[in-house]
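In the part that follows, the structures are each spelled out as structure tokens.
Each of the two complexes below includes subunit A, the first together with subunit B, the second together with subunit C.
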Partner chain A sequence: MSAGSSAIGGSLRHAGGIGQRLTGAVLRWPASVRVAAAVLAVLVVGALASDVIAPLDDRAVDLDNVLAAPSWSYLLGTDEVGRDLLARVLHGVRISLAIAVFAALAAVVAGALVGVIAGTMGGKIDAVAMRATDVFASQNHFLLGILLLVLFRPALGGAGAIMLAVGLTHWPSLARIVRGELMSVRERPFVAAAVGGGAGRLRLARRHYVPHLMPAVGLAFVLTVPHAIFHESAYSFLGLGLEPHRASLGNILSDGQRSLLAGGWWIALFPGLAILLAAMTIGTLAEYWREHLHPRWRSELEL
Partner chain B sequence: MTALLEVTGLSVGFRTRRGVVQALSDASITLEQGELLLVVGESGSGKTVLAHSLLRLLPRNVDVTGSIRLGGQEVLELRSGELRRIRGRRIALIPQSPASSLNPVRRLGGQLVEAARARGLSDEESRRRLRELLGELGLDFGFIADRYVHQLSGGMQQRVVNAMALVGHPDLVIADEPTSGLDSDLVDATAAQLQAISARGASLLVITHDLRLAERLGGRLALLYASRIVEVGPTAAFFRGPAHPYGRELLRALPEREGKSIPGLSPELTALPAHCAFAPRCPDRFDRCTEAVPDLYPLAGGVHARCFAHAEC
Partner chain C sequence: MLKLVARRLAMLPVILLAVATLTYALTEISPFDPVSAYVGAENDVSPERRAEIAHAWGFDQPVYERFGRWLWNMAHGDLGNSVVAGGQPVSSEIASRASASIVLVGGALALVLVGGLIFGVLAAAFRGTVFDWLVRTLCYFNTAAPSFWIGLLALYVFSIELGWLPAGGTSDPRAIDAGGVDLAHLVLPMIVLALTQYAWFVLFVRNTLLEVLREDHVQFARAQGIGEVAVLLRHALPNALIPFVTLVGTNLAELIGGTILVESIFGWPGLGLLALDAARSEDIPMIVAITLAASVLVVLGNLLADVLYRVMDPRVREATA
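Our next item is the complex of A and B:
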């Protein structure tokens, strides 16, 4: 590299390593985003370290401490068979979050695939793919999910069936977003330039369309995660999701609903709070990211 | 020896809701190996459509008739796989506006290497050749490679797309408005680069409405008006004295000559007249001019002009 170009290079690059840049980014975050990130970090770390903080044994029944209110020996109390609620909620966050992440991933990958194929191929394939999308989108996705659960739970188990059900019911909106973005990207001059340089459909899709779609797809993924948590909870609450003894947030909530009449308010409160916090924090971060991707929207709102 | 590129009777029409837009009518050009041809005309005269037809980069709502032969091979009959092997390898396009012709969300290194590999070069060979090509244009591949297109100046962007076009040793390079939006220093630099491309032995087709650039580059010149080639001949002969009245009026309109604009407007492409399209604005028109479309009549010195004034020559 010549002396002149390296001087330009220095000024174009961000100063400092990744650590410093990350710190810089965090310092620019508004307070609400920082609080959300911190709460989410506590939830995730708690969930990941749940085996250390509060080991879980689904069969650790303690009939002397049934429905014990929160105390120093049981921070969040116990459930109707005397199991430590802290352990169950932390593990519940872990199980529900894991299911939600994979379910959202399935939905996003399926949707992106359909959208990219439809948008790249065009013509009849596009028409068929988009009408299929309409058919899926026109059904009540919650009921469709229940149908899929009933069909696949015996074969895949509760967790697998929920991922499949959420994945198969949430791809249509993303397929439409991806196809729409693609329609606008493909009209841009660099696509014509690439075609003029000998690029075929596959290379266009891989090298030019997909990189442009990544922000939208990533954002859709993050926004689908809290939604998938709701689905997991709702299905489990209805007894259609995870097997009843497993500590998912929906299952604990379902137990808590029975104990509510016996005065055990904490059993329903804490898993509900966990769902609320996870959804709110992820939503807040996603919203900030969206503004970051489309600064124009923000400036229009502030005018 | 057959010419590298032989376009005969090429007509391109776009089917739109307002009727057929005739972008190019009965255009014929030939280009020998190593020759330089300038295609000059105002906006909407069909220049870019001509360039894009050579690579078949046209939308679906288009009707193309005529023939485009590249080294004896009919381009209009190629299947998509064969077409891809011609694009970039035999005919390279230097697109209009480099800034928007490079992918804004990918680093340039990846895009350059990908372009080279699409032309059949190995990874190592690609890098070596790009280093060499960019070096000749005064750029460092390592510097360019990890940048995004918006981090380069307009002149650097232009040089990057030039290098990208040359990487596959094409027989024919098409430059579409290579100087639009550049300041005069960059126009000079671009002209020098185009001359260098031509000096390497590649044939060069330059689309431009910049008459000063055309005069500098020399070679041969084809003048388009309202979808038709109205004059073809050596560039030097054109600037000494155009054979077609439109050419004469165009040169008079240059600020450094008389700066006198041509009265009237060019015709709508949806309703081209069945006579000489320039007749309504022509100072020298006579009866025949509004009765039929003139042919391209041959004149002395290899000049052809589509004007009845030369019909007797």
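Our next item is the complex of A and C:
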């Protein structure tokens, strides 16, 4: 979120460099948003640095500490072959987050494409596209995703199949948003003015349609990421997603299920906690962004 | 009303045809090869033998012929044969596993409705208090926490540590068919499945109720000196319940999808576990059939919600009459 997008950010726009503007924006954030941003930053930085931080080797096996409970030497404990759970969870966050971001991107691109085609072509193409959207939307995401995984995993591999499964199940809502926004913006006076001023299709798209659609598309992307994290972890947990040797959050949770009977609760607890934190922080930031974009939507019910 | 039901029911085959076309198209464009899946990766099967298998299954015929025959068979109740069911017809396997899922989803739905109403109404009644804050915070956590993670934790705490409830499965799958419900084994899966949708219902009831509470007729009831409890339950709640009905229709789909994870964690022998087994052994006819069955249920659920909506709200009834 940049300072320029907020209402009072306008005066700050020329006040200083990007660092100052960012500080100004952060200072205006409510406490919950600041906490969410901080937690998410810690998660992301920890995940990105998980290869660099020397003591955190997710593949090093410590046979003296197999299925060890959390302690000072292993903050989150070890798994059933003596690997450091903290290192595995941080690697898992990285893998799961990377897959989720690309999966959400796939969904957004597909949805935007269908929405733009339906919204600009109109007529029969629009009708066909929207009926197809309805059919996809009426399907349960998870069930259809599993069918897609089975069909495409041998060819695309686990990560690719998950991106495809999430992309092909999550695009309909975005297609509807984009089509609706496109149809409404076309009727606005400023578009008529631009057309009157001799703007061509390309200029209309570049100067009016795209800038108008971007916030909604961006927000939809951010809101899809937690869904994608859930789908990745659920599919991998069931053994249908990422290959078992890759430490995604879902695969660690699947190890956790096996370790439960041996009392290894920490292996099931912490990767899930990472999913919960990622989903909550991203959700909080997205919600704040949405309130910024559409102040009218801000619920008066939040007493 | 009857006309509406008839019209919507007439749409059912059209929607089914669309979903069937979609799933068939997906299996067709995917690089997935059923013959390879059948013979396995390690078996050294000669190309001639592969061609024989493909011929026996009719894979050497053009797409439209295969699709047409598939649709024809399906219209006659033949959904193909299942690998996980040991070559038995898909339809009979689904029928034998359905009752376990119906019990699970039905129980979870009942829990969600009752719990959602109670906590939603209480949160609205005590809006702005610590209780309201607590309910909303828990709901917030609930929406972000993956259901299968909650399931694992519940399994550990209540079955393994405390030993209050059995860790999973059912003592006798046939007892469910006979109408006997294995309650001790059902409790955990039912609660965990309910928790996947619970927060949405609580927040929905609370927020609609607060909206209705600001309407004129509620103010009028208050002005008449009617007590706050009666205002809430008799004047506001019935109106807040109307949109609640549509939520049930849409969330039914989510509950059905949720059975896959919940049944796999607790070993509950319903359709979710069947779908998972089918996915693991690449049993395409079975997954496709379960996807189609879920679509039918979702369409019927939405139809039921629409009908109830019209029964409950005279404004909608008159607008469409």
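As a convention for this text, the second predicted complex is superposed on the first by the 260 of 303 C-alpha atoms of A that agree within 3 Å, B and C clash if a C-alpha of one lies under 4 Å from a C-alpha of the other, contacts with A are read in each partner's own complex, and residues count from 1 in each chain.
Please note the rule applied: a residue touches a chain if its C-beta (ideal position, glycine included) is under 8 Å from a C-beta of that chain, and two chains touch if they have at least 3 such contacts.
In this text the structure is predicted, and so the values were computed from the model without any measurement.
Participant: Tell me the contact category for A:G256 with respect to subunit B and subunit C: first, second, both or neither.
Facilitator: second
Participant: So in the superposed three-chain picture, is A:P211 touching just subunit B, just subunit C, both, or none of them (first/second/both/neither)?
Facilitator: First partner only, subunit B.
Participant: Examine A:G17 and indicate which partner it touches, taking first as subunit B and second as subunit C; both and neither are also allowed.
Facilitator: A:G17 contacts neither subunit B nor subunit C.
Participant: See if subunit A has more residues touched by subunit B or by subunit C, and give me that chain.
Facilitator: Touching more residues of subunit A than the other partner does is C.
Participant: Figure out whether A:R188 sits in contact with subunit B (first) or subunit C (second), or with both, or with neither.
Facilitator: First partner only, subunit B.
Participant: Using the superposition on chain A described above, determine whether A:G198 touches subunit B (first), subunit C (second), both, or neither.
Facilitator: It touches subunit B, and subunit C stays clear.
Participant: Which residues of subunit C touch subunit A in the complex?
Facilitator: That would be residues 15, 18-19, 22-23, 26-27, 30-32, 127-128, 132, 140-141, 143-146, 148-149, 152-153, 155-156, 160, 206-207, 210-211, 253-254, 256-258, 260-261, 264-265, 275-276, 279-280, 282, 284, 287-288, 290-291, 294-295, 298-299 of subunit C.
Participant: If we count contacts the way the header does, which residues on subunit A are in touch with subunit B in the complex?
Facilitator: Touch residues, subunit A against subunit B: 1-2, 5-6, 8-9, 12, 188-190, 192-200, 203, 207-208, 211-212.
Participant: Over in the complex, which subunit B residues touch subunit A? Could you list them?
Facilitator: Touching subunit A from subunit B are residues 55, 57, 80, 84-89, 92-93, 95-97, 100-106, 110-111, 114-115, 118-119, 139-140, 142-143, 147, 151, 161, 164.
Participant: Would you tell me which residues of subunit A are touching subunit C in their complex?
Facilitator: Of all residues in subunit A, those touching subunit C are 131, 135-136, 138-144, 146-152, 154-155, 226, 230, 233-234, 237-240, 253, 256-257, 260-261, 263, 265, 268-269, 271-272, 275-276, 279-280, 283, 299, 301, 303.
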